[in-house]
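Listed after this line are the structures, all set down as C-alpha cells.
Look at the two complexes coming up: chain A is in both, with chain B in one and chain C in the other.
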Partner chain A sequence: MSKFTRRGLIKTGATVGAGLAMPTFITSPLAAYTNAPTGGSVTLGFNVPQSGPYADEGADELRAYKLAVEHLNGGGDGGMMNTFSSKSLTGNGILGKKVEYVTGDTQTKSDAARASAKSMIEKDNAVMITGGSSSGVAIAVQGLCQEAGVIFMAGLTHSNDTTGKDKKANGFRHFFNGYMSAAALAPVLEARYGKDRNAYHLTADYTWGWTQQESIAAATEAKGWNTVNNVLTPLATTDFSSYVAPVLNSGADILVLNHYGGNMINSLTSAVQFGLRDKIVNGKNFEIVVPLYSRLMARGAGENVKGIFGSTNWHWSLSDEGSKAFVKSFGTKYGFPPSQAAHTTYVQTLLYADACERSGTFNPCGVSEALEGFKFDGMGNGPTEYRAEDHQCFKDVLVVKGKENPTSEFDVLEVVEITPRGQVEYPADHPMFAGGALGKCNPGA
Partner chain B sequence: MKTISKADMRTLFFVAIIALFAPLILNPFPTESGWAQFNAGYPDLMQRFAIYGILAIGFNILFGLTGYLSFGHAAFLGVGSYSAVWMFKLLSMNIIPALILSVIVAGLFSLLIGFISLRRSGIYFSILTLAFAQMSFALAYSVLTPLTNGETGLQITLNDPRIFAAENISGNLPVTSLFGMEMRDTWTMQLGAWDFQFNIGYYICAIFLLLAFYISIRIFRSPFGMMLRAIKTNQTRLNYTGINTRPYTLAAFVISGMYAGLAGGLMASMDPLAGAERMQWTASGEIVLMTILGGTGTLLGPVMGAGFIKYFENIFSKINDTVLHGWFSWMPDGLENVIVWILHLFTGKGWHLTLGIMFMMIVIFLPGGLMEGISRIGKWWKRRNVKNDNTSHNSSTPAQ
Partner chain C sequence: MDAILLQILNGLDKGSAYALIALGLTLIFGTLGVVNFAHGALFMLGAFCAVSLQKLMSVSKITIDPSQLDFLGKPLKVKTPYVVEWFGPKFGNAIIDWNVPLAIIVAIPVMLLVGYVMERGLIKHFYKRPHADQILVTFGLAIVIQELVKANFGANPIPTPAPDQFVGSYNVGALIGLDASYPYWRLIYFAFSATIISSVFAFLRFTTFGMVVRAGMADRETVGLLGINIDRRFTIMFGIAAAVAGLAGVMYTPINSPNYHMGMDFLVLSFVVVVVGGMGSLPGAVLAGFLLGVLESFASMNEVKGFFEMLYLPSIDQIIIYLVAIIVLLTRPRGLMGKAGVMEE
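Up next, the complex of A and B:
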C-alpha cells in the first residue's frame, strides 16, 4: 500500500477525470422509444419454452417464427403474406429494415422467462418480444414489456387473465381464451352427452387452469350439468394416477382435463389406463373432455385421444386459402404440418410487422394504435378483429374431436364444428375478465 | 473498535473497484462485433451478479464457517421477494421499506426453521432444511395462492393501494425507485464501438454487495467467527468443555437467512415480481453449487462462484444453432454441420451440460474451488518471479 505517490495520484486523477468528461460529448441523443432500431436491421425477441412441460409447443413456435422472419425478409414462398387482407408487407423486411431475431428459453417459469426477455431488451435491443407457451409466463413477460416500453405479441396463452385481469396496453393476443373454448364447447357437449351430467375437473394449478375451469364449469352448468369436484394439480406433475384414482368413486360421469402439453398427455393416458372410458356410471358412458386441444398433444397421447372432444384455435386441415398457404410453406420447410401454436405465433409476427408498416414506425404507441380495432382476413381464422378495449382477437373457434381412424401420424384431429364469432364473444367488462386496467401504451426511454 | 487488517482492506478495495467498473470490465467486445455475444455488461445480468453474490456470501457464513450445509436457502430468498413485492403493493415503490421488511421477515422465518432444524447436524440437518424449503415452495405454489398468486407470480398492478405513493395518473405501472431515482434508469455511454450501460439499480445492488462483504469480513475475523470455526472443527469437544453451541449456530443461520432475504428483496426491487420457483430445491442447490464452485470458507470465492454460474446461465443458454452456424460458416458445409451438431449439445439449452462438466473438473482438480485455482496461480507466479530474480541477479553480477 506504500506504492501510492503524489505524482501517481495526480496522474490517475487526471486520467479518470478525462475519461469521465469524454462521454458528455459522445453520448447519442435520446431516442423517442426503447430500442429504436438505428442500423439497417431490426431485432425481434422470440422467447419460447425449450424445456419443461410445454417444450414441444415451444419448438414448433420457434419453427414458425423462423418461417415468418424468412417470409418478411422476402425468402421462401411468402406464405400467408399473399393471402393476408392487408397488403403493406412486401418482403422487404419491416419498414425497409432486415428482420433479425434472438431466441431465449423461458423454461416455463416466470422468473426465467423475465430474465430472458430482459436480456433481449437490454442486451440485444429487441424492439418486440413474442412467445410464451404458458399463460403464467405470458402474463409475467407482458408486464415486463409494459414496464420496459416494448410491444409484447402473446403466443400460445389461453388464460382469460392475459387479456382480462392482467391485460396491458403494450400486450396483444391473437390466440383464443378459456371463455371462448367454453362457449364453443358447451353446446356441442350438451348435444352429444345430454343435459344431466356430473363433471369432475382436474385443473392445472395456475392462471390458465383456474380461468379455463371457471369458464367451462359456468358454461356447462348453464346447460344443466353439475360440477362434482375440482382438483388442482401442480404444473410440474408427471404422474397423475393419484389424481385419477379418486374420480372412480366420486359419482362423476364426465372427466374434464384442464391440462395442456405434457400434462395433458400424462393425465389422459393415466385416465385411460384406469379404464375410465369403459366405465358406465349413473347408467351413462363415462366420457373425458379436453377443453384445449392441440395436434402435438393429440399425437403425444396417441390412441387415447380417439373420440375425445375439445376446442382449438386453428387446425392444419382447414381449407381456406390462408391456412393452405401456411401449411404449404411450413410443410415445404420442415416436412410436417404446423400446430396451432405455430400458427398463432406466425400470424402474430406478421400482424406486428404489418402494424409497423401501416403506422410507419416501430414506436410501441404507433404500433398499438395500428393494431387496435384492426380488422383482417386471410390468416386462417376467417374475418378477425383485434378489439381495442382489451387487445384480444375475436374470431371463429373450432370444436374438434380425436379422429377414430387417423390416416397419418399428423391426421389425429377432425373438426366437428366451426363456432361462429358471435357465439363466443363477450363484453370487455364481463365478470370473468374484470379487475384489471389496460393502462396507457408505454414507449419507454 | 478493532479495524480490519490491511490484507482484508485490500480485498475489500479490490471488490469495490471491480464493482465500480463492472459495466466496463464486463463489456470487453464492441457492440456490433460477433464476440458481443459474450458481453455480460447489461443491467439485468450485472444486477444478478451482485444479488447472487450477496446470497452466496450469506450462505458462506453458515456453510463456510460452521459447516452446516443448508439445502433450503432459496426459501429465505423467496420469502424476501414476496415481502418486498407486498411492500410495493401496499406502501410505495420506494425500495427502502421493501428491503427492511424482506430482511426482517426472512430473519424471523430463518429463526423458526433454524430453531427446529439445528436440533440435528450433518446430513439430518440438510434434509430438514430441504424439507422445509420444499414445504414453503409447495405452500407458495398452491395453498397460499391469495398471498403469493401461485404459479403466475406476485406482481404489482395499477389498482394496488400504495398508500404512501402519489396518485398514479400516467396510466402506466409505477417503477421501483429510491427517493425518486428509478432503478431501471440507465445511462448509456458510447465510446467508439463500445456501448457501456451504467444502471442505477446495479449500483444500488453493488453498494449492498460491498456492505454485505464488509460485514462478512468482520464476522470472519471476530471472536464469534472463531467460535463458528471451532464448531466446524469439533463440535463435540466444544460441548464437552461446557459450551452451548446452539446459540452460535442459530445466530449464524439467522444471519445467513437475513442475507438471503436481502438478496430476495433486491431481486424484487430490480424487477417487481416474485415467483414460487425461486424457492424450489433446485434454486437452493444452485446456491450450494455457487459456494462450492467459488471456494467454501473463503471470502471472495462465493461471489466468484455466483458470477460464474449466472454467466453460464445467461450467456451460454443464448447461443443457439443460428449463432453457431454464423460462427462456423467459413467452414465447408459438412464439417460445419458436424461442429455445430457437437457444440449444440453444450450451448443453448444444453448449457447445464457445460456447467456440469466445469463443475466436475473444478471439484476434482481444484477441491478448494476457483479460489484455490487463483492461489495456485499466485504461488506459481511468485515462484517464477523468485526464480527470475535469481537468474537476473546472476546475470547482472559483473563479469570478473
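Up next, the complex of A and C:
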C-alpha cells in the first residue's frame, strides 16, 4: 500500500516551496558569489584609460594600483598601510591570498570600458573592478558591476550623479564631487573676489559638466554672485575661441570653466590669449575659475594656470603622515610625485582589501557592509567616512590655485585652504543627488 | 558689432587651418589621385616638430643645490638648459622663447622628407588601387603615426607658447571705431596662412615647375608622352603638401597645446572642406575653408544658437558644417568650384 498521502504531499510541497522562495543570501553560504577565489590568489581588475585623451592619468592610476598590490603582498615599504587607522592589513595579501591583477583599457569611452570590465569579470574572474578617469565611464561600469555582482571601487569620477541619481549598492566612491568642490570654493572666491560678481560659465556638455556647473552656480549665487550665462560646449571642442569671444561683451567679470582635461587646457589657453585676465569689467579685475583641477592636466596649460583658483581631492605637498608615506613610496618607485588620480585609486585598493579582511570574505555583500559607515584616517585626507546611504566618502576638500613661482615641473598648484568636511557635507536626499536608489547589494553567482 | 567682428576674425582664423590642410589634401588628390587620410597626421607631426625642438632646447645640465629640497626631501636637482649655459641667460632664454618661429626652419626639411618617404615608401603602391584601399591604408598610417607620437610624448597636451612679444591681444576693432581685441598670435596665424596659400598658388602659376604640374594634373598621360618625368614632380608636390600641413601645425601650437590626436580633430572637417570646395579644386579648398570657418564661428554665438533652438535645431554649432555640406552637395554636386569628371566616373 502506498504511503503517499494528501497531507504528506502538502507538507513536502510546502517545505520545497519555502526553500525555493527563501532569499539567496539565506540559502547560500557567503561563498556563493561571483568569482569567489578558490586557489591561493585573488584577482582584482584595474580598468583605466590606457589610450585616448586621459591615458596619462590612466597610466598614473595604474602605477598606483601596482604599488598598492605590491604593498598588499608585503613588498616595498608598505606606504599608507603603515599610517592607515585600520590595522587589518598585514602584507599577507587579502585574507591570506596573494593579490594578482588584470588590466583593461577604458579608452575613456563608456562602451569600451564596459566591455573591458565584462571581460575581466567573465574571463579573468576579477572579484573587484576599480578605475576610470571620467564620470561617464564610471557610471557605466558601476552599473555593469551591480548587474554582475562584483564590487566597483570608483577611480577619478567627480560628477554628482555617480553617488547621486546613478548610485549603486555595489559601487563606492572615495573621490570628491562637484557639490563638494563648489561648497569649498565658493567662500574662498567670495573672500578673494567679493560678493557682487557676474559669472559666465562654459560647461562641458556631459554628466560631469552639468552637475559641476549646477553646483558651482548654486554655491556662488548663494554668496551674492549673478550667473550671466551658461554655455554648453561639445566635449570634442578643441578651439574654444568662438565660445570665449562672446564673454568679452557679456558684462561678466568672472569666467567659470567647467571643463576638465584637454577641454580645460584649451579653453583656459583661449581665455588667456583673448586677454580676459588683463581686462577690467564693472570696475573689477576679470578673473577665471577652474572648479576641478588636475595637476597632470594643469601642466598642459603651462603659465596660464598661475593664480587661478580651483579644487582638488588631494595634493602631493600635503604634510600629514599618510600623504608623506604615499609620496615617498610612489616617488621612490617612479621618480616623480603621484597625482590625485593615483592617490584615490591607491586608497580605494587598500580600502577594499581592508574591508575584505574586516568582513572575512570577498562576498560583495560582506565587503559592502564593512565599507558602509566605515570611518578611517591616515590616508591623506584626514578623518574620512564612507557614508552608508550613498557610498560617498566625506572628508576635507582642498582649495588650490596655480602657483605663481613653481620650483619644479611638478610644483604647479599650491594649497590655499583645506576646507573642513563639515562645510562640504550634504544630506543624502539633497535635490542635486536625487532621483536614484542605492538598491541592494548583488553578490551575483 | 564688436561680437560680429570677433566672430569674423575667429572664423578667418579657424578657416586658415582648414584651408591650409585642405589645400594640401587637394594638391595630393589633384596630382596623384590619392585620398590621403594621413594628412591630419602630417599637420600633427608639424606641431610636434615644434614640441621636439622645445624639448631639444630644454636639454639641461643638472647641478645639485643642497639649499633646496625636492618632493622627497632630497637636495634639489637644478636644471639649466645648455642653450642658456652656452649663450648666456639673455640670449639663451630668447632662443628658447622663440622656439615656435625657429621650428618653422626645422619643420620644412623634416616635413618634405616625411612626405617624400611616405609617398615613395607607401602611397605609390596604391596609385592604381581603388579609393577605398587608399583611404584604408592612409587612415591606418595616421593611426600608426599618432600612436608613435603618443608613445614618445604622452597623451596630454604639451604647452608650446608663442614668444613673449606676441602674448596678449590687439584691439583690431579700434581701427574701425569698435572695441574688439584679438590675440596677436591668431592674427599672425591668419597672415601666415594667407602668405603660404598665396605662395603655393604663385608657385603653381608662375614657375615652370608649377606649369608642368598643372599640365600633369590636367592630362598626366600627355605630359608623360612629352618626355617629362611627371611622377618625380608629383612626388615633390606630395612633399610640398606635407610641408604645408606641417607648417600649419607648427604655427598652430601656441593657439592650442598640441597633442597626439590633434590631426584627427582636423581631418574630418578638412575633408568636408575639400568636398564642399570641389574635389581637386585648389581655389575651392581655400574658399570653402574660410567660408566654413566663418560659418562655424557664427553658429557658436549664443544668439544664433538660440534662434536655431527655436527652430528645433539645437546644437547648430556642432552640425553647421555638415548641414552646409549637405546643402552644397544637393545643389552643386561637384562642390563650389569642382570640375566635371572628377570622381564622377
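The working rule: the second predicted complex is superposed on the first by the 414 of 445 C-alpha atoms of A that agree within 3 Å, B and C clash if a C-alpha of one lies under 4 Å from a C-alpha of the other, contacts with A are read in each partner's own complex, and residues count from 1 in each chain.
To be clear about the criterion, a contact is a pair of C-beta atoms (placed from the backbone, for glycine too) under 8 Å apart; a residue touches a chain by one contact, two chains touch by 3 or more.
Quantities reported herein were computed from a predicted structural model and do not represent experimental measurements.
Chemist: Quick one: is A:375 in contact with chain B, with chain C, with both, or with neither? Answer first, second, both or neither.
Modeler: Touch partners of A:375: none, neither chain B nor chain C.
Chemist: Looking at the overlay, does A:430 come into contact with chain B only (first), chain C only (second), both, or neither?
Modeler: Neither partner.
Chemist: Of the two partner chains, chain B (first) and chain C (second), which one does A:408 touch, if any: first, second, both, or neither?
Modeler: Touch status of A:408: second partner only.
Chemist: Taking the superposition as given, does A:87 touch the first partner, chain B, the second, chain C, both, or neither?
Modeler: neither
Chemist: Could you say whether A:243 touches chain B, chain C, both of them, or neither, answering first, second, both or neither?
Modeler: Only chain C is touched by A:243; chain B is not.
Chemist: With both complexes overlaid on chain A, does A:234 touch chain B (first), chain C (second), both or neither?
Modeler: A:234: touches chain B and chain C.
Chemist: After lining up the shared chain so the two structures overlap, which partner does A:192 touch, if you call chain B first and chain C second: first, second, both or neither?
Modeler: neither
Chemist: Can A:328 be said to touch chain B (first), chain C (second), both, or neither?
Modeler: Touch status of A:328: second partner only.
Chemist: Considering only the contact definition stated at the top, list the common interface residues of chain A for chain B and chain C.
Modeler: Common to the two interfaces on chain A: residues 51, 234.
Chemist: Of all residues in chain B, which touch chain A in the complex?
Modeler: On the chain B side, the touching residues are 6, 10, 39, 42-45, 48, 138, 141-142, 150-153, 155, 157-159, 170-173, 175, 184, 186, 188-191, 197, 271, 273, 275, 277-278, 314, 317-318, 320, 322, 348-349.
Chemist: Help me check something: in the complex, which residues belonging to chain A touch chain B?
Modeler: Chain A residues touching chain B: 1, 22-23, 26-28, 50-51, 102-105, 109-112, 114-116, 118-119, 122-123, 135-136, 139-140, 143-144, 146-148, 161, 166, 169, 205-207, 232, 234-235, 435-437, 439-440, 442.
Chemist: Touching chain C in the complex: which residues of chain A?
Modeler: 51-56, 229, 231, 234, 236, 238-239, 241-243, 245-246, 248-249, 262, 265-266, 269-270, 273-275, 278, 296-297, 299-304, 316-317, 327-328, 331-332, 336-337, 407-408, 410
Chemist: Could you pull out which chain C residues touch chain A in their complex?
Modeler: 2-3, 6-7, 10-11, 13-14, 68, 70-72, 76, 150, 154-159, 161, 167-169, 180-183, 185-186, 255-257, 259, 261-262, 265, 296-297, 300-302, 315, 317-318
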